[in-house]
Every structure is written in structure tokens, then in C-alpha cells.
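I have a structure here, written as C-alpha cells, and I will follow up with some questions on it.
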Amino acid sequence: MAAPIEVSGSDTEAQPESVLAGVDRKKIQGRSLGQIAWLRLKRDKVALTGAVVVLVLILIAIVGPYFVQDPLAYHQNLIDPTYNRPKGGFWHSGISADHPLGVEPGTGRDMLARIVHGARISLLVSFLATLMSVVIGTIMGITAGYFGGWVDYVISRAMDAFLAFPLLLFAIALVGVVADGAFGLSGNGLRVSVLVVVIGFFNWPYIGRIIRGQTLSLREREFVDAARSMGARNSYVLFKEILPNLVAPILVYSTLLIPTNILFEAALSFLGVGVIPPKPSWGGMLTLAVPIYSSDPMYMIIPGMAIFITVLAFNLFGDGLRDALDPRSR
Amino acid sequence: MFAYIVRRLIGAVLMLLLVSLVTFGIFFWLPKLAGQTTDQIAAGYVGKAPTKEAIQDTKERLGLDEPVVVQYGEYLKALVVGKDYKAGPVTDHCPAPCMGFSFRSSQPVLETLLDRAPATASLALGAAVVWLAGGISVGVISALKRGTLWDRAAMIIALSGVSLPIYFTGLVSLALFSYSIKIFPGGGSYLPLTTDPVTWFQSLVLPWVTLAFLYAAMYARLTRAGMLETMNEDYIRTARAKGLPEKTVVTKHALRATLTPIMTVFGLDLGLLLGGAVLTESTFGIPGLGRLAIDSINTGDLPMVLGVTLITASSIVVINLIVDLLYAVVDPRVRLG
Amino acid sequence: MNKMRPIAVVAAGVVAAAGLAACGGGDSGSSGSGPGYNAGVNAVVNKSDKKGGTLKFGSSDDFDSPDPGNTYYAFSQNIARIYGRGLTTFNPSAGEESLKVVPDLASDLGQSSDGGKTWTYKLRTGVKYDDGSTVTSKDVKYAVERSNYSDELQLGPKYFKQYLVDNKPAYKGPYKDKSDEGLKSIETPDDQTIIFHLNTAFQEFDYLVAMSQTMPVPKAKDTGLKYESAIVSSGPYKVDNYTRGKSMSLSRNPNWNPSTDPIRKALPDKVEIQLKQNADDIDQRLIAGSLDMDIAGVGVQSGTQPKVLAADQKPYVDNPVQGFLRFMSLNQNVKPLNNIHCRIAVQYATDKVAAQTAYGGPLAGGDTATTVLPPSVAGYTKFDLYPQKQAEGGGLDQATLGKAKQELQQCGQPNGFSTKISARSDRPKEVAMAQAIQQSLAKVNIKTEIVQFPAGDYFNKYVGVPKYVHDHGIGMMIMAWAADWPTGYGFLAQIVHGSAIKPSGGNNLAELNDPKVNKGLDDAIANPDEAARLKAYGEVDKLVMGTAMEVPLVYAKALMYRPKRVTNAGITYSYGGMYDYLNMGVE
Amino acid sequence: MAGTAPVADTAGAGEASGAFLDVRDLKIHFPTDDGLVKSVDGLTFQLERGRTLGIVGESGSGKSVTSLGILGLHNKRNSDVSGEIWLDGKELVGASQNEVRRLRGRDMAMIFQDPLSSMHPFYTVGNQIIEAYRVHNDVSKQVARKHAIDMLGRVGIPKPDKRVDDYPHQFSGGMRQRAMIAMALSCDPELLIADEPTTALDVTVQAQILDLIRDLQQEFNSAVIMITHDLGVVAELSDDILVMYAGRCVEYASVDDAFHRPQHPYTWGLLGSMPRLDRERSERLMPIQGSPPSLINVPSGCAFHPRCPYAELNDGKSETERPELVEVEPGHKAACHLPLEKRREIWADEIKPKL
């Protein structure tokens, strides 16, 4: 139920030739979009920094857990029993050579290990959820945009309806409803699946809308007309003509959806429906930090900054990627 | 115009039906799908002595023994004609539109929602003012000063803004401004505007700013991108070619075209927020719809959850309609129909 | 009652020390002696008769219901006494004295006859509701009927239903059974007399009628589930407004007559309760003096702990035992815990200090426990059947672990075994405790998996359902228990008596059904001699520990803050170690 | 052919010449990530009142950039504009933004290619004309409105008093272009630049618009620059033709000379790729081979040499030396290494017969 006429669909409308457009067209000659994007990206220091951080984070998530301590092991000898917070360290964080990021109040679990393991969960859930959103969104978007008519109407209305749902509430409710063993899964396996499904399923309309718009404009392009006039079947046009042209927007919006999903996962964990403790998660750590942040502020700051840095890195990289692939948006 | 509004309202009702159906399905049907029996579900609501009779009574009282479809039908019926509710010696009538009674407190849902709505509205509308003012002005200046240090700094701050979890920003701001430097009252100090305007304002400053920071960051980016695009439009070139001063070009020609699509986004955002800002309300202890929703989910108070969901969806739908009507006013190309 | 000595001595010692340290602390005029750390544990602090002012209460939670007939929460029972008067109530005082039952609406404690099966109470004359009408014994009867027999009011305890003789056919409650007679086992021969007929001899009936369920409700004003927003007051305050999730405000009941009420001082003019407040903020406001009391009574947040233990705040802090036992039940029907040796192995191998630290340490968590009865319950006897020793640098010492291994050997599980530990998912400290136990048990090769369930459904759907426990092989279940009334029977009956095993919602998680235990409890409650009763509770406790089915972990404690301007602040053990709100006032 | 001359030999640098519009060595460069884009690289021409100059060339040859350069519409932040532009004795390149702005719309106006995208969709046509008028004339809204209706009438819009309140999207394509012209002419500009004014229009409408421009020009006695890639339009309307290639002028001539005695192989190419009705249908068009050059790496020597079929006739000079624009006949200039005789020969023998 958005605007009756999509006057705002800037991505879908052909742009009037700008002063530079003619020049751009010439420059592009002889190089593929990928090459140009790479050239542009290489010059974008900020985006590159983001990319490097993202790579490092992915590396940490994959191999990090093999290099850190057991994130569940208690070190209660490091806890001051009277105040129930770590002994010593900067701001009572318990930071020491053995525990570079300090230890958790009450249990003395190593924070570095928990952050590293938390990264794995965070990235795993957000990547899988993004993948799911992208797959559903692309299929729905292409279908709606390409076939038009009532198919488009139904899918578009479905997307509107999805956008009218209070997602966070639904996610919490869903996770709560299937709390204990269902569909042949249990514990964290179930929880991670539910998180992925919930986050992925509720986010597809964002991608779907973009893909639909792109498909709409591609459908009217000459090369598609050409293919169709030569008798190409729908499937051929969809997979050989349209899909390849959607790779760039899909790539860009996936990259930008990942940080959104990281925040979503963290919010769910914060509200107590993320992965089940003791499995470490960043949002879960922030929940535990709420009652104690005034006496042990580092316990709040560390997971908060972990979320922040990760999301920022993905956003910087995604922004850079978009700028590189879509010169207009600069 | 009138026909359009009627058609949109019918569409809205259908949409709300869909939303209620899905919500109902998730809460009443999914648990059964996941293998819970009606007795097990009812056991969650009987209190401390879950005897057989008590469970049976609970099932009957809450209508859980009916098939889900019948329960949904009852729910819709109550919305249209109201509902009687046995509260013991007295029978409570809940007039249409009746959204049922809480499974936990037996309060009429609508009454509770209306009681909570002002807090959420105070939060959402106040924050909206802050973020629109902040986000749009930063976005416009950034677009006009594209590539300058200001632009880069503003955009990095904006990107940071959207990268920070709001509960984290909220906690940090509470720690800084409420507990360390005691400028603002802490969380949970909210009082209704009608009770105590001063406290109302003071208690909402931090939540407004925190919430607005996130959105302002988003809107600054949106505005900047839109502005850059608009400034490349032919009609901007025409405006310049006419010899209009740059200020007129920006404010009269560019800004209006930039803000029109942002209005749609704003409608969606505000609509969602009016249904409850879950994280902000939780962090700052504001007794709004978002907290009600979380509390209700945690206690399995299904009618209440259903109520909040419908209120949120309604506010999105209604605000969208308003935005679309406004859109037609702002953009003459849009014809309602 | 002399069994209370150990805690009293410790507390007194601390009081003396704190008193010295707190010499410069804020002394308030009326009481004449300055407060100090733990001063409120054994004595009412800041005694005063000064009337006026507004008492500001706050809570991070809400009432389950403020309807006296539909509540189970301790703070709710505690606070209901300012707007309602039950037949008896707990003595508004501190420490040991707070365990006494005193007559309230009744002019004296109950007169028992028929060997403790019939209890008669006489109401005071001239007690009026806030609407000016007179309180009669019929209203008390009606209150008990509605709270225990109706389908609608399900939140409160159902002891009366359990112990009163039922009609034939079974009484359906006043909402369905419209007969004038109602429940036949409660007689009201005149407006001042009420007689209860029990199905068994029950010598602690005075404790039962101290529950808010005997606060009178006039039948004509009862609105069932809606009564919580239209409560008729019989106490010194009337409820002007209660909004669920937000607030409750009370003001003086003009029809309350102090001459009918020897125990209430009714000091403040108004009482305001803000509900569902941010827990952290409550603490900040307590310290700042803008809030007078956190009525949930579970102590300050761990983040506030260092602040309130600082020298300038410590004199305003009490650290009482809360009457809670946190423990782990070992289900005797889950293999291999059906073998007592395996259970004893767990008793030895469970590192209680680790559990204590995980729960918040000795101040906010509690003292390590060796008995089922906590020290604040009448009948507590100190003993330790499975003594543990800590190794230097933490963890159990080799001797203790050796004993555990030995028991495993005898159990036929020399290489340890595997089972599950349950905890409530929305109680992170309980989960942390489960992990601490998991790690300590792992040292003797008892491998455990932690399973978590939401607190709201813990007993009704999961660990309180024996079938579920057996089917899922949950051998160890962490829970906490506090007495519904502060005697050994009130504490033990629901968790160790065989009759407490229920198909759902039971609290006897171990499924302990030992004839000796059952008989010990049954005999004790029928015994009119209080001293003998109390002694028997200690014996039952030893029997229970002998079965090794319950692993006591900590006697819960909390750091309670009593702001400077609050008068008559004393810890009552009868409501779980929180302050008694009955006579609280402000300077 | 007096009145327009391609070379600024009448006045020294920094001095006003007698010409109404005098563009001298105009360079418009855009620094980009990939290098410096030399969109216009040393363009010189003059134009008098009442006359029309047609600028032709392929896309990207610098036509539009030149016109926007004259109007001062290039953003100083992403472009380097150098050289001189004299309009009625005032130099524009070095003038302040504000001065140039004051001239825009009043002394010089522009008609854009796509009238739909060039008009603001949210404001009525009347509003936009009123705005253009009022920014330069201190008059009340009513007066400006009357003027707008008047202008709309003059450009041939029926019922102008009604249509004045219509939005651009309510106009047909031709109407919109008329409205655009009305807007451009609302302040009686002395210089009118029309950037492909008919490209987006139907052929029948095209002719009407061209007629309109010509009529109005006569009425207002304006100088007109007609930018197009359509030689037909130029033939129709212009007095002189300036052929641009890679940001430079390669040939400058009167319409007659340009069509009948062109001197530059590129002009030949353009003529060859123009479809003509008077030609036999069996003959094929003769498009120019290759594609327009990169403006970042402009080919060395003659920028046209990679595409020029006669480049090898110059002993390698084409690749190394840039040919200067030389007056070959009075009022006719060309920049080509080919000897004049050879050019005339090729034109007469090879090109002309095929056209």
C-alpha cells in the first residue's frame, strides 16, 4: 500500500543523460562492470578498510575459536566475592595478560573467548539469514517484476503486508513459541535455525522490492526485447538475460543486509531469545551487562563495541561496493 | 478521492485481517503444530495449582478447547459486536471493537492498549521531530558540500549511527547523562504529559535523542543520496538556467523533490514506531506498547500480543494512507485511483 | 525459636562492627540511635510515630494481582496488609520477632478444639470498610471461598481447599454455587464468629489465616477478576487506583478506626507505588532519596552493589537471609540417580562455593547451604551430612572429590555417568549456577547437559511434570523454594512430602515419597506442642538429607537498602527477608 | 557572411571585441578518477545578434558541455573552465557566480532537449514561467502571470489562460517544448541556446518547433546557438555551422559551404551518414567507421585520425601533429592536414557523388 504510482523508484527509472554521462559511457568502454567496480573500490580507502575488517572478522569467526580459551570455563578465583565483579583490571574488568579483554562478572569466563565465539554465532546467523532473504527476495522480486499483472499485484501486496508487521515482536514471539524441541531439532541447533528462518524470512521484502524494480526496468530494455523477439523462452530470458544484470544490486544489498541482520540477531539475543546461554552471543552479553554496567562498564562496552565495529565494517564495505557498482549514487 | 479512500480503507481492513490471521496462527496454531496439546497450553495459564479441573476450567474460560479456526472466528466476532466475559460474580461486557481480554490480568485488551499508547506516541513523535530536523538538515548540507571534510565526517557519523545497537546507545547515554553527570532523570521516570509535563519532557529527552540518533543517521543518508540525485535532475539545471539564486534552487526545487519520497519512508517508520519502540522502551523503562508487547510475549498473554500487533499494523496502514494522500497533494503527477 | 541463634549471633556481631564504622553516618532524630550495616535485620530501625508525608514505593515487577484473594507473591502479601486485614498477621517487627503470628482482624489467635481440626476466631467489633459498612465474619468466609474455590481466581495458594472439609458433592465456589450456605466447613454463627472445620489436625492454622486470603471481601462488592481494580479496603489505606503495569496509589481510609487495630501505626498520608520500573533506576533513586523502598524486596542490582557497600552508604544496608533455599533436586526415578550412592556422589562433587559465586557471591547470592530448611525458618537445625572442603585456589579438595568417586564406585558407575541439569532460562544467574555445577561435577566424570525452560512454565509444563522428567531423563533440577509460612511444615510440606508429587505443577521434583518423612511431617503438624514440632522439623530435614535427593546450594541473601528518611524499617522473615511495610513511614 | 567569424583576430586577449558573443579558446575539463576528461579543449567562435549558429557533432563531442559552459552551469568543484567568454562586452568565465546568474535567463537562455524532465514536475507550467520572469523583473505575481499567459499564447499554446495552471505532465511533448521556449524567452534573452530542442519530439512537431524558434528569433532579434546532431535541423535554421570533434572545432562554415563544399573528412562522414529523401534507396549510408574517441586519451595528432580513411595520405603527420583550424576560404575554416587541393578532389570525386 505504498504510493499508488512509484514516482519515487529512483533505482528503476532511466536517468536523464547527465552532463557527464556521455563521458562516462566512453570511459567504461572496454572494461567490464566488475573491473570498473574494482578500480573504484581500490581507490575508496574507507570501504577497503571496511573490507579488511570484514575479512578479519570472518577469519576470526572461522578459526578464532580454535585459538582462544574455553569460553565456558569458569575462573571464579578471579571474582571478588563481595562485589561479584572481577578483581582488578581497568575499571574492574579483570583485564590481564591471561584475559586480554577481561573476564565475566560472577563466573570469570574469558571475555576474549566469548567475543570470538559470539562473532561466530553472529556472523553465522546473519549470513545464513541474509542468504535466505536474498534467495526469497530475488525469486519473488524477479517473478513480480517479470510477469507483472496479478502475480505482481499479489507479491507486491504481500511485501506491503510484511512491511506492516512488527518484525521484532514477531521474531520474539516465534522464537518463544518453538522454545523447546520441535521439528526434530532441539537446543541451539533449533534456536539457530529458528533465528535464521525468522530473520531471513521477515527481511526478504526489502530485497524483493529492489529486485522487482530492477526487473521491471530490465524487462523493458532493448536486449530483453531482442531476446524475446527471437523467440527466447521465459526461463531463458530470466536466467540468461535478467539474472546476470541483477548480480550487482543483489551483491550490494546483500552486503548491506548483513549488518542489519547482525543488529537484528543481537537485538533478539538482547531480548533473551537469541542462542541459548551458556553459548556466548554479543546481544546476550549486553543483557547480562544491563544490571551491572555501572560497576563493571567494560562488560557492557566490549560486546557493544564488537557489534558496532562489525556492523560498521560491513556498512562501510557495502556502501563502498554500492558506490563502486553504481556510479550514480556517488 | 472519496472512492479512493474507501477503497484504501477496504484494502486496509483486508490487510489487518491478514495480519491478525498470521498472528493468530503463530500464537494459537504453531504451538499445536510444534506438538503441544491443548492441556499443555492451558497449563501455562492455570496458576500454581494445575489440577485437572483447573486446567479444564482454564481451557473453557480462555476458549482454548475450541479449534483454532473457531477461536479466530470468535475473535473477529468480538471485534465487530463486542464480547461478554465472565469475571466471576459479574459479567464484563467489552463493547466493539473488542480485542478480547488479557489471559493474565483479565483486563480488556483495548483498554490496556489505549492506556499505553500515549507513552509510545510521546516517544515516537518527539523522536520523529528530532530526527527529521537533524537528519534532513545534515543530509542536505552534506549533499551540497559533497566531498568536503564536513560531508565525510557527517556521513561517517551517520554510518556509525546506524551501526550502533540502540540499547547500547541508550545504556551509554543513561550512564553518561543520567548517572554520571546528572542532567536527565534515569530510566523509568516517565510520567504522562497530562500528569507532569516537566517530568514528561525531562524523562523523554534521552530516549528521544537516542532513538532519533539512529533514525537521523538513516535520514541524513537518505536525504543526502536523494539530494545528490535530485541535484542532477534536468529541472534543477533548468532552474539554474533561469537564473534562480542557488538558495531558491535548493529549497524550492531540489528539497521538495527530495523529501517527497522520504515522506513514504517516514510514514512506514513512524507507523512501526507508533506500534511500540520495543528496544528503546525497554532500555529507558517507558511504559509504552513496546514494553507491553515484550511483557505479554514473556508471559504468554496472547490476546495482548495480538492487540499490540494489530495496533502496530493499523498505525502503519493508516499512516501509509495519510502519506499517500499527502503524496498526491505534493506530487501532482500522482493521481489517486 | 532458639534455633535462630546462629544467624542472630552473626548478625549482631556485624551490627556492632558496622555501628562503630557508621558513627558519622546520617543519624535521624527520632530513633536516637544511628542506623548501621545490618541494623535492620534484628531490630526495627528509625522507629517513629510521626504521621504524614507520602511513602513512595517502586518495583521492577508488578503484582501477580493486588487482589488479596488472588496473589501468591510475598511482597504482595506483605503490602496487602495496609489495605486489608486478615484474621491474623505476622508481627510487624524485625528478626526473630517477625516470625510471630499476632491477631489482626480477629481479637485473639484461633481457639482449637477437636484435636486441632476445628478453629474458631472472634472478630473485633467496629471494623469498617472504606465505604463505611461493617466487616462481618461472613465476608471472611466469602473471601476464603472465592480465593480457594473459584475457577477465576487461580493465582493464590489453595491451602484452605486442601485442609478444609469439602461439601458433598464438591463445592464449586461462590461464583457457581449461589446457595446461601456456601462451604459448609466454614461456619459463621454470628457476625463476629467464624469457625473452620479441617479434614486433618493442623496446629499451624494461625499461620494459614495470616494469608491475605482471609482479608474480608463483601460479597456485593466482589467483581471477581476485576476486583483487583476495585478493592474494598478494611485496613488503614484505601486503594484509589491500580493500573496494571504502571502504578497503584493509596490514601487514608477515613473509616479505619485505630482503636480496633493495635498493631498498625498508619503513618504516611499517602502511599504511591510505581510498577515495572527500571531496576537500575530504582536503585539510583533509592540512594538519591527520591524513592523510599523497592517493594519487590529482592535486594539491589549487582551493579549497585559496590555503591551501596561504600563506606558512606553501608550503614543503610541490610544483608538478611531471605528464607529462600536454592537447591538441586535429584530425581529418584531417573537412572542412575535412583541409586543413593550416585546421589551421594553428586552431594560431594557439587561445588557449592562455585555455585554461590555464580549466583552473586556471599552477599548478594547467599551462604552455602547444607540443610533443606534455611536458618530463617522456625525449626532450622544446623547439620552437614556431606561436608565439603575447598582446595587452595578454588575448587573442591581432593579428599572431597575422593569421597564422591568412592560413592560412584559403590553405585556401580566408577567412570561417572551422564544426565541433564535443568534451570530456568530467564534467570541468568540460575543458568550460571547450573554451569558451575556442571563444571564441578565434570571433575568426577559426571557429565551433564544443561536444559533450560522459561520460568513461567517450569513447574506446570516441564520439571513439575514427572512424566516429562522421566521421558527426557532430567536427573537434576535446580529450583528455589521459600516457605508459604515460616515454619518447617510450611517450608517442607510442598517439596518433600509424598503428597506433593503431582501430575503437573508439583514442587516435589525429586519425587521423594519416603514414609518416614511423610509421617514425620504429618505427626508434627498435628502436635500442639510448638517446641516438639520445631524439633521434629529438624529431624525431617535430616531424614531428607539422608536420602541425598536434595542438594542444598545456598541460603539466599540479598543486599537490602533502606533509605535514610524511611521510618520503622525492619526485616521480616515471614515474608522472605524483606522489609515489613505495615508500619513504614517517612520522616 | 559577415558577422560571424571563427577566429578572434579583432581583439586581443582580455579585451572585449565587437562581437555579441565571443568565445575564445574555451577549455572545459573534468578531473575524474580515471583521468582528466577534456570535453572542450580550445574552442573559439563568435556570434552576432539575429544570427543562428549550428553546432554539430556526435554524442560526446562537447556540444552540450560548451552550451552549459557559456551559461556558467558547470560546477566549479568538479570542472575546470578556462578561456574567455564575452557576452555583449562582459567576460563570463572570470565573473562571479552571482553576476553570471543574473545574466542567465535574462540575457541568455536555454532550451533543453527533454522538456519533460527539464520542467519541475511539482510546479505548474505557469508557475515556472512566472518564477523565471520574476527573478529578473521586479513585478507582482499578477503581472508575471499575465506575462506568462501572454508568452504561452505567443508560442502557440491554445487557451493559455487555462493551460497556465496545468502541470508539465498534463502537456503533450510538443506543448511542453513550446512552454519551455516560452519560459526561455520570458525575459527577452539576447542569446538563446537550443540544445537539441527537437530530438525528443515527433517529426511533425519538430518542424513546428523549429518554425517557432525561427519566428521568435526574428521577432526578438536574438542570437541563437542551435546544438544538434541532426544536420537537417541545422540546414533548416542556421546561418553558420560549427562542426565539433573531440572537444574541438574541426570545421566552421556557412550552411551553404558546409553542405556543398565541406573541407573536413569528418564533415564528409556526417553528411554521409545523413539519410536523404532525394537519394536512391538502393544506396547505402556511409557511416563513419569506429567510435568516438576517449576524451581522456585523445588520439595524438589529429584526433580524428584513427577513423579517418585518408589519414595515411599525410606522411604520418596525422598521428603526430595536431592540425590547426585554418581559414581556407573567407568565412570557411577547417582543421585538416590534407592539402587543400586533395580535399577538394576527394570531395568532388569520391564523396559528393555518393551523397
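Points to keep in mind about this one:
In order of appearance the chains are A, B, C and D, and numbering begins at 1 in each one.
Throughout what follows, a residue touches a chain if its C-beta (ideal position, glycine included) is under 8 Å from a C-beta of that chain, and two chains touch if they have at least 3 such contacts.
Here is each chain with its UniProt name: A, B = ABC transporter permease; D = ABC transporter ATP-binding protein.
Remember, it's a predicted structure, so these values are computed and weren't measured experimentally.
Averaging the CA coordinates per chain and comparing them to the mean over all protein CA atoms picks out B as nearest.
Inter-chain contacts peak for the pair A-B, counting C-beta pairs in contact. Distance between chain centres (mean CA atoms), chain B to chain D: 55 Å. With centres set at the average Cα position, the gap from chain A to chain C is 47 Å. Spacing of chain A relative to chain B, judged by their CA centroids, is 22 angstrom. One inter-chain figure worth recording: chain B and chain C are separated by 40 Å, centre to centre, where each centre is the mean of the chain's CA atoms. For chain B, residues that reach two or more other chains under the stated contact definition are 179, 233-234, 260, 298, 300, 331, 333.
For chain A, the set of residues that touch two or more other chains comprises 16, 176, 272, 290, 293-294. Counting only residues that touch two or more partner chains, chain D has 68, 114, 117. Those residues of chain B that touch chain D in the complex are listed here as 146-147, 233-235, 237-246, 248, 253, 256-257, 260, 330-333. Contact residues on chain A toward chain C in their complex (touch as defined above): 72-74, 76-77, 79-85, 92, 105-107, 176, 179-180, 187, 272, 276-278, 287-288, 290-296.
Residues 40, 43-44, 46-52, 54-55, 57-58, 61, 86-90, 92, 105-107, 112, 115-116, 178-179, 186-189, 284-285, 287, 291-292, 295, 298-300 of chain B are the ones that touch chain C when the two sit in their complex.
Residues of chain D that touch chain B in their complex: 68, 71, 73, 77, 97, 101-106, 109-110, 112, 114, 117-122, 124, 131-132, 135-136, 167, 169, 180, 183.
Taken together, the chain C residues at the contact with chain B in this complex read 58, 65, 72, 146, 150-158, 174-175, 219, 222-229, 243-246, 274, 276-278, 280-282, 284-285, 426, 454, 456-457, 459-461, 464, 502-505.
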